[in-house]
Amino acid sequence: MANSKIRVAIFGGSGYGGSELLRILLAHPSAEIVIVTANEHAGKPVGAVHKNLFGLTKMIFDTAPEDLSSLDVDVAFFALPHGQALSLVPQLPSKTKVIDLSGDFRLDDAGIFKEFYKLDHAGAIQSEFVYGLTETNREAIRSAHYIANPGCFATATLLALSPMVKSGLLTGKIVVDAKTGSSGSGAKPAANTHHPQRMNSFYAYKPFTHQHVPEIEQHLHQVGDFENELIFMTHSLPVSRGIFASCYLETSVNLTNEDIGNIYESFYQEAFFVRMVDGSPDINWVKTTNFCDIASYTNGKQIVVFSAIDNLVKGAAGQAVQNMNLMFGIDETTGLRMMGTNP
Amino acid sequence: MANSKIRVAIFGGSGYGGSELLRILLAHPSAEIVIVTANEHAGKPVGAVHKNLFGLTKMIFDTAPEDLSSLDVDVAFFALPHGQALSLVPQLPSKTKVIDLSGDFRLDDAGIFKEFYKLDHAGAIQSEFVYGLTETNREAIRSAHYIANPGCFATATLLALSPMVKSGLLTGKIVVDAKTGSSGSGAKPAANTHHPQRMNSFYAYKPFTHQHVPEIEQHLHQVGDFENELIFMTHSLPVSRGIFASCYLETSVNLTNEDIGNIYESFYQEAFFVRMVDGSPDINWVKTTNFCDIASYTNGKQIVVFSAIDNLVKGAAGQAVQNMNLMFGIDETTGLRMMGTNP
Amino acid sequence: MANSKIRVAIFGGSGYGGSELLRILLAHPSAEIVIVTANEHAGKPVGAVHKNLFGLTKMIFDTAPEDLSSLDVDVAFFALPHGQALSLVPQLPSKTKVIDLSGDFRLDDAGIFKEFYKLDHAGAIQSEFVYGLTETNREAIRSAHYIANPGCFATATLLALSPMVKSGLLTGKIVVDAKTGSSGSGAKPAANTHHPQRMNSFYAYKPFTHQHVPEIEQHLHQVGDFENELIFMTHSLPVSRGIFASCYLETSVNLTNEDIGNIYESFYQEAFFVRMVDGSPDINWVKTTNFCDIASYTNGKQIVVFSAIDNLVKGAAGQAVQNMNLMFGIDETTGLRMMGTNP
Amino acid sequence: MANSKIRVAIFGGSGYGGSELLRILLAHPSAEIVIVTANEHAGKPVGAVHKNLFGLTKMIFDTAPEDLSSLDVDVAFFALPHGQALSLVPQLPSKTKVIDLSGDFRLDDAGIFKEFYKLDHAGAIQSEFVYGLTETNREAIRSAHYIANPGCFATATLLALSPMVKSGLLTGKIVVDAKTGSSGSGAKPAANTHHPQRMNSFYAYKPFTHQHVPEIEQHLHQVGDFENELIFMTHSLPVSRGIFASCYLETSVNLTNEDIGNIYESFYQEAFFVRMVDGSPDINWVKTTNFCDIASYTNGKQIVVFSAIDNLVKGAAGQAVQNMNLMFGIDETTGLRMMGTNP
């Protein structure tokens, strides 16, 4: 990169994913945001929409350019609702790298994609997309031109499961009980995020039908010899930020807590953002950060692995920037060592 | 009433005010809900909309009858958005008593009403409305046919201010710093009640322009010789239920805490639902109840009075039923001794 | 009972279990609280400790009588920390019925009890205790003299699992992912319930070692032919009240959602307090009530059952009173039809 | 400072003030933490106590050195409970600069200090302390050796009041209704921060007696010709972080919103961390940041000024570091441009 900064475009800057991309990239020492779009807020200062950024940037929201082929940036982040990047990405100049935070390019199988998203693949470009779970796919990401950034639930789940799947010791079905904060529903008010009710709520949703299931299964097949049935269930927490996944596994051989700890320590020895913690992970300790905290326990053959992330950071914008860093040959943690807070 | 129950209609049963009217009246030993309307939910079971009531009632939401003149009930509660009761109330049979929870009939002065609500008075019927702050207006309410039920902020503020206004000891301006939970914004999702942001929010709104100001001033003129300037400010709390008002007063003579305590104890000696508490009121102790908790302190001539209510109960549906009880000659507390919880 | 009221003693009235017993029993039409103890608050009005009850009772906290043999009540509730009822219960007059909310008498096997509670059985009296999960044990409870009231997690879990266990269709292991609000930790402040951190927390605790596991297993053996491995995991939610259990089951035959719905409807056809709900249960809809809301889904052989209760009501004091009602031959729902709120 | 970093000691690193000092100073480009003390956690890794910092520092908590005179640091921060810095500060080498976050050195008048803190002044050293409200005292702070860092409530209040006090236009009394999050009560669990109750609470405390009153009055006398009576009242919010102050003022002349806006804009034209905002400040937009957001409104002679800060950052550790920056001649905002988040 020599001395010049990575020139960045953000498509969809007014949602929570866009908000976090702005927060991270505005402070990134090696990146420069050239354009940030938000059609409904075009012309407004970024700091008038994301008031946390007021006084920290003079950027103004743009509309998306009509002619994308003349866009002159090194990388474009897409933080748009599902289905929109599908048609926009192919219009970009071929030199422009892409990191898409939606589900548009995550599923390789067109039939499964259609089943879960009711959409058709973008075409040939799909085969060029690399799945952006940094810790399991680092080398492919370094040389990737197009990144399908993982879903928030998929990130928490895959980081918890991958070491055991790769170990080849799993047997039987896998149950993942996952919970997310309300920011996972996006910035648009809705009945399920109406504060008077949500603040006292905990409930399940989309049983057996969540669109992150095929994404998780697809990637586990890349990680190891994955033949297990996966039961994946999503729930809503009365907090703003955070995902917690409780993963129930079974092994064919007796293992101790130490055995399992070693498997994870070894798998993640180079992963700055995965922390193996004592006790239990807690979303309180990862909120606003790019960390994924993990702990595991066994009673012999039954194993539980707990993981916690911030859904908007490691589960979205943070991991996206982590991938950008790799794609441009700079340290993976650049601009991402944001500390959480206590309390 | 002899042995028969009070026959009740509820107009607007799907909002939070309606929800609380249902909760209270379904368990009320002397009342019977004949009809509950909710146009957008007509045909649905009440327990499918207010899931807290599932299994406790078989009632179905109705549309409002086109011909109100044939409605056969003893009393009609209106829990509709501002402006709707204005035209509906005059269509009711003259025998039907009315308790309106909106602001439609609270302001006697047509000009002030127009200024704050952008609406015209309903006509002659306005003069028959009695302001339903039970503790200060009990005798008028007993014989009233039409009740304008007080606003939630107005209730908390007037119960805190009335004893001192009546004492005739006040001098100088009055500052009321009032705070409400998110349910005060109603059941419809909106940006200011979007959980991801609201859960960490506290902010002020409508400075110097809140529509409860003229309502408070109008009633203070009824309570005593009120000549003070009133500064009234509203804020939003990150809880679901509860209003807390901090009222700053000044007297012309030196008073002790005991002096002021005596004024309040005396004023509220027959008021079951006003509790003079040690320390501070706390919305935690009044939530889901019809109580108003009050405490007061002075440093001599400067006085602060704190009051706390549940905005949906004493600030709306509970007080409405309290007024119904009086209007039908039964004990004021009937059906209203719901206990709060700890925690 | 003829016309006289059930005379009640509450041991341990200052904790959250005691608080809820007071809330329910003070309003119970057929019960009369004769004495409520709280050693550290002895001499204080109940309404000074549980400020929600201020103005609703004139009761004063007592110390526990030194000579329990002369206590003249029909039933004694024990809401004390684990280990205290063990020695107190045997001192009561033999005519006095007992409902213990602690874990002291729940486990029939002395060895397992010692393993999980580090305590010895009270002796012969243990064999007279009946497990008080009302919906599965109703007939035994009617004629019981001593009731071991179920744990909060055990209640939510057993109500979710029992119909399927009784159906005899289960195969493979059972995974229960359970979550509780902070009131489950009791009224005494501690690090894990410190508000600045807890409000943004979600974490797991006691993996593979929770003391409710043997209680659940013991009762499932009574309910049906239970041979499955149980994986039970507890987590902490950032709400005050509520338990939510997600139960993952497997059957040997293909079932539809309707099949499973029928099993539950049939099992709970006489259970007023179990509601089969559409969508998902939500702790918001059961808070402060004695209801248990349940929903179930299957993809064929994999089943998930969700249940939600208020940990302090159906999970403690409410169920205790439900059991009292049965023991004294009155309607099971007496004094327990408290409605929840929306919001 | 040439190329070397500012060598820092933190006394009291395990509380919330210490936690935030660590968060900020670990990432500060011009500072180096040489020692951080926490007697009860001595020997433990910082990241085991403040788990947000796990993986980000290898520092270990120390006990405070017995012989402070040999401590070799450029500046010592004291984040200890009130009363402890009083005796420690005089033991430091005279070259060591000091920033004390407690109330020990804030009050110049020994009698008032004794009245509010029940403690005696440290002696002659008291006169060398400069009050560290950066925006009103910048020049004095640059050359100060000892800084008494303002209280959290005092910071929010003084930043809201100072421009109007300096304007000389105020008349009559000033009412400040201030609210704080639960982290203001510190890291030690207590009844008022017990989550099951606090999450639904709002209450007032210390009416007419809060120890920040004399601190505010003392500094207003430095800011301008302050003769007004100050009524200052504190309340507790059910959030973790944030202070919101509503300040009610009166002027002798008629002013417009624009007039007042100009007074504030002018007063704060060089203050990076004070943002004049549209609408209302909201603690959501300042949480975890060093910003103070302010808005003001008038109806002519009555004025309200709203301010919002994070009590632990601008109200404690952030302002402390801001002062350190000035004392060492570096840019005031160094290490303090942490962005808040949306949501």
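As written, the chain order gives the labels A, B, C and D, with residue 1 at the start of each chain.
Heads up, the rule we're going with is that a contact is a pair of C-beta atoms (placed from the backbone, for glycine too) under 8 Å apart; a residue touches a chain by one contact, two chains touch by 3 or more.
All values derive from a computational prediction rather than experimental measurement.
Distance between Cα centroids is largest for the pairing of chain D with C.
Between B-C and A-C, more C-beta contact pairs are found at A-C. Distance from the chain B centre to the chain C centre is 36 Å, each centre being the mean of its Cα atoms. Centre-to-centre spacing of chain A and chain C amounts to 40 Å, using the average Cα coordinate of each chain.
Of all residues in chain A, those that touch two or more other chains are 16, 182-183, 187, 196-197, 199-200, 238-241, 282, 342-343. Those residues of chain B that touch chain A in the shared complex are 16, 181-183, 185, 187-191, 193-200, 238-241. In the complex of the two chains, the chain B residues touching chain C come out as 16, 19-20, 23, 26-27, 48, 50-56, 183, 187, 240-241, 272, 275, 277-278, 282, 285, 288-289, 291, 337, 339-343. Chain C meets chain A in the complex at residues 172-173, 175, 177, 179, 194, 196-197, 199-205, 207-208, 229, 231, 233, 235, 237-242, 244, 246, 248, 250, 279-284, 287, 295, 297-299, 302, 304, 306, 308, 342-343.
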